[in-house]
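Mind having a look at this structure? Questions to follow.
Each chain carries a letter (A, B, C and D) given by its place in the written order, and its residues are counted from 1.
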Amino acid sequence: MQTQTFERMESNVRTYSRSFPVVFSKAQGARLTDENGREYIDFLAGAGTLNYGHNNPELKKALVDYLATDGVVHGLDMWTSAKREYFEALDELILKPRNLDYKIQLPGPTGTNAAEAAIRLARKVKQRHNIVAFTNGFHGITMGALAPTGNRKFRENTGGVPTVGGSFVPYDGYMGDAIDTLDYFEKLLGDKSGGLDLPAAAIVETVQGEGGINVSGLEWLKRLEGICHDNDILLIIDDIQAGCGRTGKFFSFEHAGVVPDMVLNSKSLSGFGLPFSHVLMRPELDQWEPGQYNGTFRGFNLAMITAAAALKQYWSDDTLAKDVQRKGKIVEERFQKLASQLTDAGMPASERGRGLMRGIDVETGDIADKISGKAFEHGLIIETSGQDGEVVKCLCPLTITDEELEKGLSILETAVKEVIGG
Amino acid sequence: MQTQTFERMESNVRTYSRSFPVVFSKAQGARLTDENGREYIDFLAGAGTLNYGHNNPELKKALVDYLATDGVVHGLDMWTSAKREYFEALDELILKPRNLDYKIQLPGPTGTNAAEAAIRLARKVKQRHNIVAFTNGFHGITMGALAPTGNRKFRENTGGVPTVGGSFVPYDGYMGDAIDTLDYFEKLLGDKSGGLDLPAAAIVETVQGEGGINVSGLEWLKRLEGICHDNDILLIIDDIQAGCGRTGKFFSFEHAGVVPDMVLNSKSLSGFGLPFSHVLMRPELDQWEPGQYNGTFRGFNLAMITAAAALKQYWSDDTLAKDVQRKGKIVEERFQKLASQLTDAGMPASERGRGLMRGIDVETGDIADKISGKAFEHGLIIETSGQDGEVVKCLCPLTITDEELEKGLSILETAVKEVIGG
Amino acid sequence: MQTQTFERMESNVRTYSRSFPVVFSKAQGARLTDENGREYIDFLAGAGTLNYGHNNPELKKALVDYLATDGVVHGLDMWTSAKREYFEALDELILKPRNLDYKIQLPGPTGTNAAEAAIRLARKVKQRHNIVAFTNGFHGITMGALAPTGNRKFRENTGGVPTVGGSFVPYDGYMGDAIDTLDYFEKLLGDKSGGLDLPAAAIVETVQGEGGINVSGLEWLKRLEGICHDNDILLIIDDIQAGCGRTGKFFSFEHAGVVPDMVLNSKSLSGFGLPFSHVLMRPELDQWEPGQYNGTFRGFNLAMITAAAALKQYWSDDTLAKDVQRKGKIVEERFQKLASQLTDAGMPASERGRGLMRGIDVETGDIADKISGKAFEHGLIIETSGQDGEVVKCLCPLTITDEELEKGLSILETAVKEVIGG
Amino acid sequence: MQTQTFERMESNVRTYSRSFPVVFSKAQGARLTDENGREYIDFLAGAGTLNYGHNNPELKKALVDYLATDGVVHGLDMWTSAKREYFEALDELILKPRNLDYKIQLPGPTGTNAAEAAIRLARKVKQRHNIVAFTNGFHGITMGALAPTGNRKFRENTGGVPTVGGSFVPYDGYMGDAIDTLDYFEKLLGDKSGGLDLPAAAIVETVQGEGGINVSGLEWLKRLEGICHDNDILLIIDDIQAGCGRTGKFFSFEHAGVVPDMVLNSKSLSGFGLPFSHVLMRPELDQWEPGQYNGTFRGFNLAMITAAAALKQYWSDDTLAKDVQRKGKIVEERFQKLASQLTDAGMPASERGRGLMRGIDVETGDIADKISGKAFEHGLIIETSGQDGEVVKCLCPLTITDEELEKGLSILETAVKEVIGG
């Protein structure tokens, strides 16, 4: 595989090609193939972007058919047949069955664009600058989205321009099991000199992906919703990684029975790996003036075609959702065993997650890297997350076959065994 | 055409559907077709995103062929065959022939992501917070890119969080013909108490698209390059709208013989309307640590496939470039006539532009809106730009046929006649 | 008393004249006299500025003698005999006996100027923007000092310019007795994605004056010092209100055996109510370039004359310190009784404080205002503090006579009785 | 003279003691005396703080008399007899005769505190963040006042926290005689994408002191007033250095017939070198809530005593004002001669100023430093200003005797002669 082109021309900023230094040429379902023809099971899946697998055939068919008719590919935010199809599919298959009444904003096609738009709107509506985020939260790294993003790697490397307008409070479990972190949040909210400016919004992930598969309790989420409501604070759920079925329901907040004021989706929203995002908002919050937020790629019609196809294919009934729950249990059990083995071997580890968003916390980035590295040697692509990269994270396609899942888990078990063996 | 779905579900922020309130279903070359089968000549072309026309057949073929082989669609920033193909095409067809030596960063796939990345890197390299921009410049609206963007519509509506780290100096011609605005910039740079913090970078468009087709002189650009060099300031050319051949050369700065430290491209970079952007930078500026800038859609392989195809199809020789220059002259002459007619009718107007990036400044948004509105009635899509929307702007596909160009210009002439007639 | 002049000409921003709406004409020791000749016991003492009483005779003598010789009054930061006298008195009587080795910066003559200077220096030395403060901390309201100040009243009323570069963590006791808030701080410091940018400094009051007489434990302070040291964070003690003997030692941090990296003093530093402040810093932190921080009134010689006189008069031995401790106990006991009486009457209350910095927390600003109002009717000036004004605060002169102290406490008891009686 | 104490204990930030490395012990009128008994003529006068001279006898008498009666020295912002006396003197002697109707805010006692208060109020009233300042303007260095202050020395050394909410436009004459800089300002104000956010206020010095004795034209000021009025922008005149008679009238803007919305005074306001400042504002702008801006030393009664005495002594008629104008002409003529001599000797120089605020611009800091240094050797204290310290600046007491003025000018002439002679 020729890699000199990359080494010569690509910025040092590249990352994944450091962990997986091969050139990939093909991808199908839960499998990636490199230029030497070697196949890999993919537990990374575009960091949660490929919930329906690589080159999902149904979605690809819809895409190619659309191209064949010379459908509009790029139309800024003009009205197109594709956009109407997406809106209607979203309404019929997702919103109405869940009694959700939202308007849709299409910002730029990435998660960080969606976070920027939602944050700006929340500030505009409430006329307050502060956005409360939670420890280990991740919402993007453009300057607006970075304000409520916890990672020092990005926050402290902006060249002398600190982020403005974000504050952090502890996520569920951050202070140990004995403490409900919302007690602290609530105390700060009621405190006129506690240093927490009354926020326009709280932005939260129900399961933190980049933060290390931290799972918020369903009661905690419900209480958070109540606190926001009581204090006139908008609740924004960033469902960019946990949404689109990842946790076993379309929206991850459904488990908790929460109704956010705004919802962010991206990553698997197009279903095919096409850049796409939307902001859902309660209708009364739609206080934008025409054109007050824009972006060249804010209505990417190909993504809306595949997004609509994905909804029709997978969300007309609960088959996929139940299957995710079933597979999630499989991964949970296998990960628990791995955690036990590691712990027994003197490497304390624990399992956590919801649905097919699962991780093994091995407490150090070093051990996690070793496991990921060994797994790659044996044909499994799996990444680490968490503040120190200490969590081995499974984000396999939701549509992975049982056979592929088994293969991936077996490889992981081999990798762990080798790491334990030293 | 059913539009209630949009009216009910789409955020008020929508804009183009207000000027062109129909539902488009097909697009080919320089033509858009609505659901009633009505055809429109497209002088908007995705605000400069479709330089090679809608559904360009060569590019579409490359895209569909790639999909047929299950090529990798989404791979974060992993190495793929598609990425190598793009890098090599860029190197062979664009960089080497122009004696340019740049490294490539793929940030998020939109222009504002590219601006954020370049600005952050400039600050990091120079350890200075200030980025100098020019009056009427536009570089995106995420909070980082907004700092050097001039539009109050965005700047003043961020909900109580002012942008940080941008300063403005007058663009070429801003103070009238008699004054070289760079005199002022140079004086400020040398002044220890002038209020201009020594900038990390200057960011400039050689022709300002959103700002109203303001064209910088080639000597002015060359002098700007010298000033930046002498003051240890990076020169960033934002070629997002003016690049990819729009002005008659691949990079708009080639006319001036300038070699920027960084270049931003997006919009027509993929050639097919697919979200894509890159930052080019002198190799010694590539001081990123691995992973210090990221984004889920930063390596969109489909876009790289069409981008490579576009380079091969249109930039292997200078045929397209010369054709753009030829058509540019046609538009220039016709626009000059229209400007004269408007002026004679008591509506002072003037023409300006470079290549196929051209506008008629009619001095008020009201008149420009009327012209655009009348044009739409007659089957031409053309937008306005400038601080008050006072410039009717032609960004037709570079590949527009002479017949289509003629048709579009004729419609515009009819529209102008009707507006003059009252 | 003629008050129309004030009502007509003075800004609405005035506050104390709303609680104490008389015109004062004379002041001696712990007594203020209004224009009608009525005398008041002063438990406010310039909000802690008059530790040695109004018009302290020894200090006044030094001041008048200096004026008689035409000593330099204002000399920017030029060297004067008065400055040398102050520096030497500070060194001999305060620093050396406590084994403290500090350099002195004279910023503008107010506490907020000192906070601005210290914060800026900390950022400069550590090349980090973040300053950690504690809930309910108060350090001034100019924009730099406001960043680590908790009060929404100021923070949220800056006209659309949020403060930049401050973060808050919970003060000792903020989360209840069972939780050591430094556990949380320490966890955040070690967390690469917790949202707390690695701080340049932590700024803390050992007893929070404006925040409501919140008293940090001595072990908590000592542990804080250790955490700062271990994490390369500067520890700044804001001793503006708690210093100059208020807690029973010259510096309030002496109780804990802590040695801060920087110390802020102001308020009672001149001893005579003259505007004055200094920043003390470990010598290696003095990385200022000449002139990098300035201010017209940064070397107010009259204040240095009285400051030196105060040190000589009161800090040549421990007489005053011991007397403060003795009187502090008197106030503590009497306040405890008042708190019990209030609690018994259904108004839950508690006493807290250190030395002669003491308060009764009555839990609502309404009750506290009533007590303060009744006290004023009976001839006692006493203010409230805390986030909601819920703490009746005693900051009487340290030099108050036992008779005056008794009188003041008696009036307060009468006031409480009346409030209980309804 | 013992200076080791300073060298050991004082922060490196010290400046004036580097130019004038002696220890001063006495000061009278326009004369300073060092500990060796050497006398210096003082053309610095506390950087404009001692308009009425050191230890002005009338003011000292008022001060000592007040102290003798145990008048209130420090009373936060409580009403005192001293404050009423000051308010009434200001009203009767200054405001009413000039038909000015202002309310008074007493912020912290320094100029930067006044600037912070005025800026915050302007933002609050107009609900806009931007404050427009002018090139080479200086308004203080706390973070809020620094936003509209031009000096890189301070702006670029805030440790990674850029100032927020200030923009700069060119001061009168900045772009040469042929260009009215207000044309540019007006164009930016009317430009929706020029990058200048609509400002809450413009803040300007009529003669820039720190900026290098730059003198704005009276018509320019009047036009600025009109532009502000037409664009709903508050006009804040920072008269901290140019006010209190320095230019030949009490307020420097009287020359232009301008009525600012707010006025800042400090420096010579107390008349005796005591820290003091006020903000004057049109009554309808007084939209402060009680306590929304505070500060321990905001009502320094001793300063109000001397301020009232100064008004009574010097502003009951126009004797002083006329005398300032007369002496200003003397300095002007002598400075013009010096400028000619320097120019003739190959060191291009020019004179400028208004009243007794005058400078010789010698174009390099090096020459200016030499002149100042030689002058000091011969017994004259005179400082430099301007972005590069290139302007030798005369701010002698307004009450200087003709003999002292002559002596100072003679020394300066000697110094210039020596510098020319090499």
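Everything below uses one rule, namely that a residue touches a chain if its C-beta (ideal position, glycine included) is under 8 Å from a C-beta of that chain, and two chains touch if they have at least 3 such contacts.
Keep in mind the model is a prediction, meaning the values are calculated, not measured.
Engineer: Could you tell me which chains are in contact with subunit B and with subunit C alike?
Structural biologist: Both-contact set = A, D.
Engineer: Using C-alpha centres only, name the chain that sits farthest from subunit B.
Structural biologist: It is C.
Engineer: If you average the CA atoms of subunit A and of subunit D, how far apart do the two points sit, in angstrom?
Structural biologist: 57
Engineer: Could you give the separation in Å between the centres of subunit B and subunit D, each centre being the mean of its C-alpha atoms?
Structural biologist: From the centre of subunit B to the centre of subunit D is 48 Å.
Engineer: Could you please state the distance in Å, as a whole number, between where the Cα atoms of subunit C are centred and where those of subunit D are centred?
Structural biologist: 31
Engineer: Quick check: what residues of subunit D touch more than one other chain, meaning two or more?
Structural biologist: Subunit D, residues with two or more chain partners: 128-129, 153, 160-162, 164-165.
Engineer: What part of subunit C is in contact with subunit D in the complex they form?
Structural biologist: 2-3, 5-6, 9-18, 20-28, 32, 35, 44, 46-47, 49-50, 54-55, 60, 63-64, 67, 69-81, 83-84, 87-88, 91, 103-106, 108-113, 116, 120-129, 140-145, 147, 153-154, 157-162, 164-165, 200, 266-267, 272-275, 279, 281, 286-297, 300, 302
Engineer: Hey, which residues of subunit C end up touching subunit B in the complex?
Structural biologist: 160-162, 164
Engineer: If you look only at subunit B, which of its residues touch subunit D in the complex?
Structural biologist: The touching residues are 128-130, 133-138, 148-153, 155-156, 160, 162, 164-168, 170, 174-175, 179, 183-184, 187-188, 191-198, 210-211, 386-388.
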